[in-house]
Amino acid sequence: MTALEAGLLGQTLLLVLAVAAALLTPTRRRSRISGTICTLLAAAGIITGAIALSGGTGSLSIPTALPLDPLVLSPDRLGGLVMMVVSSVGVLASLFGIGSARVASASRTAWLSMAVFLFGMQLVPAATDVVSFLLFWEIMTLGSTALLLAHHATRGTVASALVWYSAMSQLSFFFVLAGFAMLAGLAGGTGFDRLATVDPYSWQASAAFLLLLLGFGGKAELVPLHVWVPRVLPEAPGHVAAAMSGAMVNIGVYGALLVFVRILPSGPAWWGVLIMALGGVSALYGILQASVASNLKVLLAYSTTENMGLVFLGLGASVLLRADNATAAADAALVAALLLMLSHAAFKSTLFLGAGAVARAAGEMNLDRLGGLGSRMPWTAAAFGAAAMGAAALPVTSGFVAEWMLLQALIHGSRVDGEVVSVAASVAMPLAVAVIALTAGLALLTFVKAYGIAFLARPRSQEAKQAREVPVIMRIPLVLGALLVIVLGLLPGPLAVAIGSAVGPELTPDVRTIGLAGVDARGIDAVLDPTTFVMLAGLLLVPVLIVLFVSARRHPTRISPLPWAGGGSRLRPRMQYTATSYAEPLVRVFDDVLRPSRDVEVTHVGESRYLVERVHVEQSVSDVVETRLYRPVLNLMQQFGILARRAQNGSIHRYLSYSFVALLVVLIVVSL
Amino acid sequence: MTGVAAIAIALVQLVLFVFLAPLLIGVIRQVRARLEGRAGSGIWQPWRDVRKLLVKNPVRAVDSSWMLAAGPVTLLVSSLLLCALLPLVGTLPLPLIPSDLFVIVSVMLIGVVALALVGLDAGTAFGGMGSSRHMTVAALVEPTLLLAVYALSIPAGTSTLSLIVETRLENPAVIISPVSLLAMVALAIAIMAETSRLPVDNPSTHLELTMLHEAMVLEASGRDLAWLELGSWLKLAALLGLLSNLIVPWGVMTDWSALGVVIGMGTVTVKILLLGVVLSVGEVFLAKARLFRVPELLAGSFALALLAVTASYLVA
Amino acid sequence: MSFALWTPLALPALLAVLSLVAPSPAVRRLSPVAASVVVLVSGLLLVSVVLADQVPTLGDGLLRADALSAYMLTVVGAVGLVSTWGGFGHATAVPGRFTGSYDALISIFLAAMSLAVLADNIGLMWAAVEATTIATAFLVGHHRTPRSLEAAWKYVILGSVGVAIALLGIVLIYAASRGTGEATLSWLVLSRAGLPLDPALMRAGGALAVLGFATKAGLAPMHSWLPDAHSQAPAPVSGLMSGVLLAVALYAILRIQTITDAVIGPDFLRIMLSVGGLLSLFVAAALLIRQRDFKRMLAYSSIEHMGMMAVGAAIGAAALPAVLLYVLGHGLTKATLFVISGRILEVEGTPKIDDVRALLVRRPGLAVPWLIAMAALIGFPPFSIFFSEVSIIVAGYSTGMGLVAGIALVLLLVIFASLTRLTVAMTIGAPAGTVAAAASAAAAAAVPAVSAAALTGVFPRVDADASVTLADTESIPEEPIVPDRSGHGPMLPLILALGTTAVVAFIAEPVGTLLTRAAEVLGGIQ
Amino acid sequence: MFTTIYPQLIGLCTGTLLLTSALMVWRHSLLASIRLLSVQGFALAALVAVIGLEEGEIEVILVSVLVLLVKGVALPWVLARETHATTRTDEAPRLNPTAALLTVALLTILSYVVASRLLAGETSISAHAAPIGLAMVLIGFLLLVTRRQAGSQLIGFLVLDNGIATVAFLTSGGVPLFLELGISLDVLLVVVILYVFAGRMRNKFGNTEIDQLRKLHD
């Protein structure tokens, strides 16, 4: 038995153990015991992934009663990388869960489904054939659905979220199933190596491509399949949301990588354009919605759509450029997309854990009612801040390096040796740059808002005022996550090299480490060493700090309650800017896209037309995709459902005539 | 060898700009005052302001956090980084961190974020308002900024600003090509917005409902305010320096020599001050735009930048 | 081992008599369970024989157990056991003389079903299927309410007419077989390749027989009896009908398909079964969208699954093992669900989904198995329906029936969403008293309000009413209601059934071999 | 001698079968329909007997006796008992007689077309008469679809069943005896069950109108 096989088997055994623990342990100790086993399960995933990434081999067959092609688990390097990423998030989420799970969250179902969820997620990248891929994919979906259900089963909104989530997951699943089945039909087998023999230029391959793109895009929360996200993630507790948004989306990306790297690596250029369009629209739409959201979890949820959009933008650019023979830029785009995936996993899980900590401490997710948490929850604030920097792609976090690399790939992509590679590329690349730039700008605003409103200034409600820091066991994953965000940003070189080896052997991106841990993408002349950068910044800081300390010794700071008061005198905490007002200028700018509904109510003093007693302004931004795309379809279906009842109206004569007509039709057909 | 030279140049740029930035503001204010028929406070007044602020006790609100102290320093350091990285006196790139366009923009954004957080941390309505508007403008400026430099990078084949400047020096025809002209106009508008100049923001007013920058620094005092002001000035100076070197690249040092350094320092000082004069003259004739007109202006500059990129495919 | 051919016929019949005459209620009650056990054990014995490459026959070849028959007998036994054991303690007492009639009829039903799958003669099989109509008619009408009477009437009329059509088809097949010299109705003889059968007659006969048995299998447009009968019959009977009767009817269709395809090729019945299957999926989808009754919901889900199996049968050889596994998985799952639905009906006193709320909080003993079984039913792994559906779809695309598979997927999605919505409506939510509040909260959530704001001029104001407040995500309000953890009946059969469906798909030996052999009987697996 | 009148006899029997079926569609009275059903049973038995004599198989003769007993005597008797027990209610069908008879004609034409295609290779006299059986199946079905009384539906079902039997005997000389027994028994049982249900229906509702069975619907 090789190490890899042991790792795969170990995960399975740990799952069994976790299930047993969840079912058998008493409620009081359940969180500690089950949470520890879940952590171990995820840790086993990290180890297995690392073995696979470093080139370990081995396979595990799943027996099956149906005469299918063998179901074999044998993660390749890419699978190993993804397994590592999702398992790492799993470790953070499980650790956090130990501390945060109380009453409902410590139920048998909760821990059982957590283990199943992690297990399914960790083994999807190990599959080497369609059926086992789908098997673990659905185990993952089942686990996450049950996990949602396990928490707050009494809340009405959970029911709605659950239905949306299941239906959208199943939609993705069916897209993937149909796409893979189509390829398997062409290839005559369900192994991924068999699927790779399909000619990417046949129309069936393109049809399968579209289906798979939608399926995996749905899991990665891309527009227009993202509608479940803003409903589901706010309902999930912090660690569950972290696991879903930090890890599960990566499975969607993995699926896309599987298709575009392993199975159909040389698709036509229009595939790339389509993926880029999907990614670009998702990125813009996601960040726009995030920037105007007032609920912290909704904000984070939409931001996932944005980040995954950027990842797909990179993937699409890679496909397009590869079709145009701009290999170096294509490889760089691919590496950038994967870097972004990695960094997103780190910062998004930390952010969601932070949100979970805030929810626990303040019992409130509405930014408009938070504030001043920075001094009350310093650990959470610091971790959230670091992760928010990553999400805003500020130097030198991991998010920054990834976006930098993506931009480099894009601006070097449209030309090879000064020659324009194709019309499609020369149109797509500048637009992509613009999309990324606008996205990055809005992301900046979004996370300044999220951090600034929640953690800075004065508490806007009593709950926020009484918030206390979370226990140590919950701080550990927060800090770990924040460290990951920073460290991943400082080590782009080794990371890029690892990614380069993961997408091999078919693709061999020309990246290497430079300086301390900097990255050098030689094909596109892009060099960056964040460590040097940090050192330079540190050097510059020295004289400033000297001046600062000298000045501070002589002229100490005075503390005063609201020294300047903005020029006014009656400042109360609720007069501060809120998240909603923060986003107000943006809502106005993007009025046509967001289509907010405003309601202004003016109460006059007595009979006066001029003296106003109170003004009540209400503004809500709905998800345009949902209201314009899904609602009409759903309404139509509901109406159809009512109409269809007439077919089954209870009259036996009607039923008999159905049979009679069927008989007549069959008779006529057989005599034709 | 080039590494050491590059570090030396970076140091020279830093020292020069820390000296030059307040002076530039002084010149701008003085020119404007004269044009408006006022006597003005002299071109050294900004220097005196900084010195005065450094010897005052800063006053902070009870509820404010460490951000009120750290933010200004961050802004200052980010501006200093700009001065070190941009090709101002010379075009020798630092090893491992070239003056890459995207890195530059990100460094600038660190300052933007620090300022915005400082604005929020005060816990007043004005601070939040300024922060909100500031971030909105920054978000909308970014596409223009990146696309404009993307257009400029196409002739050079790289996004490294030093190389772009060198290319323009070697091949001056590039400067007056339509691509370049469109891109420069777009870039100029973006820089005006980014540094809170007219018509986006009015740098010389307080307590106006439409102000951006001044609203954020309203609660800062003492050295906090000094860092904020100095950081903002440095940013303006560095960006004007970049703009001037892109328009008129001559005088920039491309190979290390003592004379070259002196020439480089001299030319860049002259170029920046001249640009400052032009700026203040322009501002006399401009009125501040309504806040909700600003996006239109930025959209216009974005269109110009996009046009520039597209033109590069048509012309080239 | 050929005694195992008559035990599942004779012993249940004996038990039926016993339950009619036995004075002790306990004996009476136990007899259907015993009958199921007999059938199951006989089935397993036959399976072991079949796997040893023997084909037991009895009565001059009138009864014959090939791999398919043995497998189906096992399914009949297993589903029967789950239904009868799970329904143990169900209110079955009928006032009047025939106190034991309910239990006797169930035993007779099982005997008839066993005969149907063991008979080598199409005619005998037909008679057995028709006999089940008779047995189940009284079972459907068991409650003696006007509604159950209505359901029984519809069931008998529609069922008999359908079976009569099948008889017409069998007659034509018989007529077609005269070309072989000796007219025959033996499966064994007819499924031999290269027989000089009249193609026109075979075509008509096959088509009519399939159409007829489609009635019993609940395929649209012949399905109309099914929702009424399933919703009115006592829950264990619904489980039996859904898991056994429909399966045996499908078995008949598969057999007829084999002999017909051998003469006229697969295309004709392929189109017919595809149309029937898709139509069933469509009907199920259309009527599940706004379903109001949870037993009818299960009935329509049966129509859906039979439709999916019909699509699998249409796809042919490559999908047959999946279809056979589907029969087992669906039977066990559906029997479980019907048993639980019977318990819910009993304790809640209403079949209306709207009146059953927050089960998970109020009655976790029923809600948890219900949710697990629903997960199995809508095709989540590790339950075997997942594998069957995936295999059928994959096989569909590789046999060039991608369009059919694609349409099936679209309809399955609608069904999935509807079933999820209905299940969630029953199980999740706040208990009574807070029901109205929960409903209004759900309604509010339906109107998407991602963010709401309150702004007044320059100075923003937070208005608690206007903003979407998110309740404490970590705390749970105190519930005065004590959750009812009782399962209201034996839980072991449900656990066994769900456990079996969960693991069966992973057992390559002997299940895999058995399925392959059974598919070979039908001409599958070339 | 028998061979010469064989076709005429076959024609006579099948003609009677078709005629009685058509008459049943026309007549609304339940009792009349039961009488016609009885006549039909006799005709069917006669048909079987004729075929049996022609082929000289004693088994078929036995079957004819069985048919006579079940379809000619037993079933009509059961039905008549049931009907006599009720107040005499006449049928108000869902289709008016003219339209119904036209439909009968159409269905008969259809069955001729279908049968001619199916039995293209058949030359026997009995096979030529097979469309009659098919037509009876369809007519029986028509009765089921259009009649509102429980008893009438039962009659429709029996006509359908007679049709199948006719087809069976005309195309292949009937099915094996033990099957015929089983089938007859099944039919008998179905009728008995429906009879029982009709009785319950009367208990519950006071009549046997099928239209009131519309409580179960979606």
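Going by the order they are written in, the chains are A, B, C and D; count residues from 1 in each one.
Throughout what follows, a residue touches a chain if its C-beta (ideal position, glycine included) is under 8 Å from a C-beta of that chain, and two chains touch if they have at least 3 such contacts.
Every value quoted in this text rests on a predicted model; they were computed, and no experiment measured them.
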Leader among chain pairs (count of C-beta contacts): A-C
Identity of the most central chain, Cα criterion: A
Farthest chain (mean CA position) relative to chain B: D
Gap in Å, rounded to a whole number, between the CA centres of chain D and chain A: 68
Chain B-chain C separation of Cα centroids, rounded to whole Å: 73
Length of the line joining the C-alpha centres of chain B and chain D, rounded to whole Å: 99
Rounded Å distance, chain C centre to chain D centre (Cα mean): 33
Overlap residues in chain D, where contacts from two or more other chains coincide: 114, 117-118, 141, 144, 210, 213-216, 218
Junction residues of chain B - those touching two or more other chains: 125, 128-129
Shared-contact residues (touching 2 or more other chains) in chain A: 575-578, 581, 584, 644-645, 648, 650, 652, 656, 659, 663, 667, 670-671
Of all residues in chain C, those that touch chain D in their complex: 121, 123-124, 126-127, 130-131, 133-134, 137-138, 141, 144, 146-147, 149-154, 156-157, 160-161, 164, 167-168, 171-172, 174-175, 178, 183, 185, 198, 200-201, 204, 227-228, 231-232, 287, 290-292, 296
Partner chain C, residues of chain A touching it in the complex: 62-68, 100, 102-105, 109, 130-131, 134-135, 138-139, 141-142, 146, 149, 151-163, 166-167, 170-171, 174, 177-178, 180-182, 184-185, 188, 190, 230-231, 234-235, 237-238, 289, 292-295, 297-298, 356, 359-360, 363-366, 368-369, 460-461, 574-578, 580-581, 584, 614-623, 626-627, 637-638, 640-642, 644-645, 647-648, 650, 652, 654-656, 658-659, 661-663, 666-667, 669-671
Sites on chain C touched by chain A in the complex: 153-154, 157-158, 161-162, 165, 200, 203-204, 207-208, 211, 215, 221-222, 224-225, 227-228, 272, 283, 286-290, 321-322, 325, 358, 360-361, 368, 371, 375, 379-382, 384, 386-388, 390-391, 393-394, 396-400, 402, 405-406, 409-410, 412-414, 416-418, 420-421, 424-425, 427-431, 434, 437-442, 445-457, 459-464, 466-477, 479, 504-509, 511-512, 515-516, 519, 525
Residues of chain D touching chain A in the complex: 94, 110-111, 113-114, 116-118, 134, 138, 141-142, 144-146, 148, 210-211, 213-218
Chain C contact footprint on chain D (complex, rising order): 114, 117-121, 137, 141, 144, 150, 153, 157, 160-161, 163-164, 167-168, 171-172, 175-176, 179, 182-183, 185-186, 189-190, 193-194, 197, 200-201, 204-205, 210, 213-216, 218
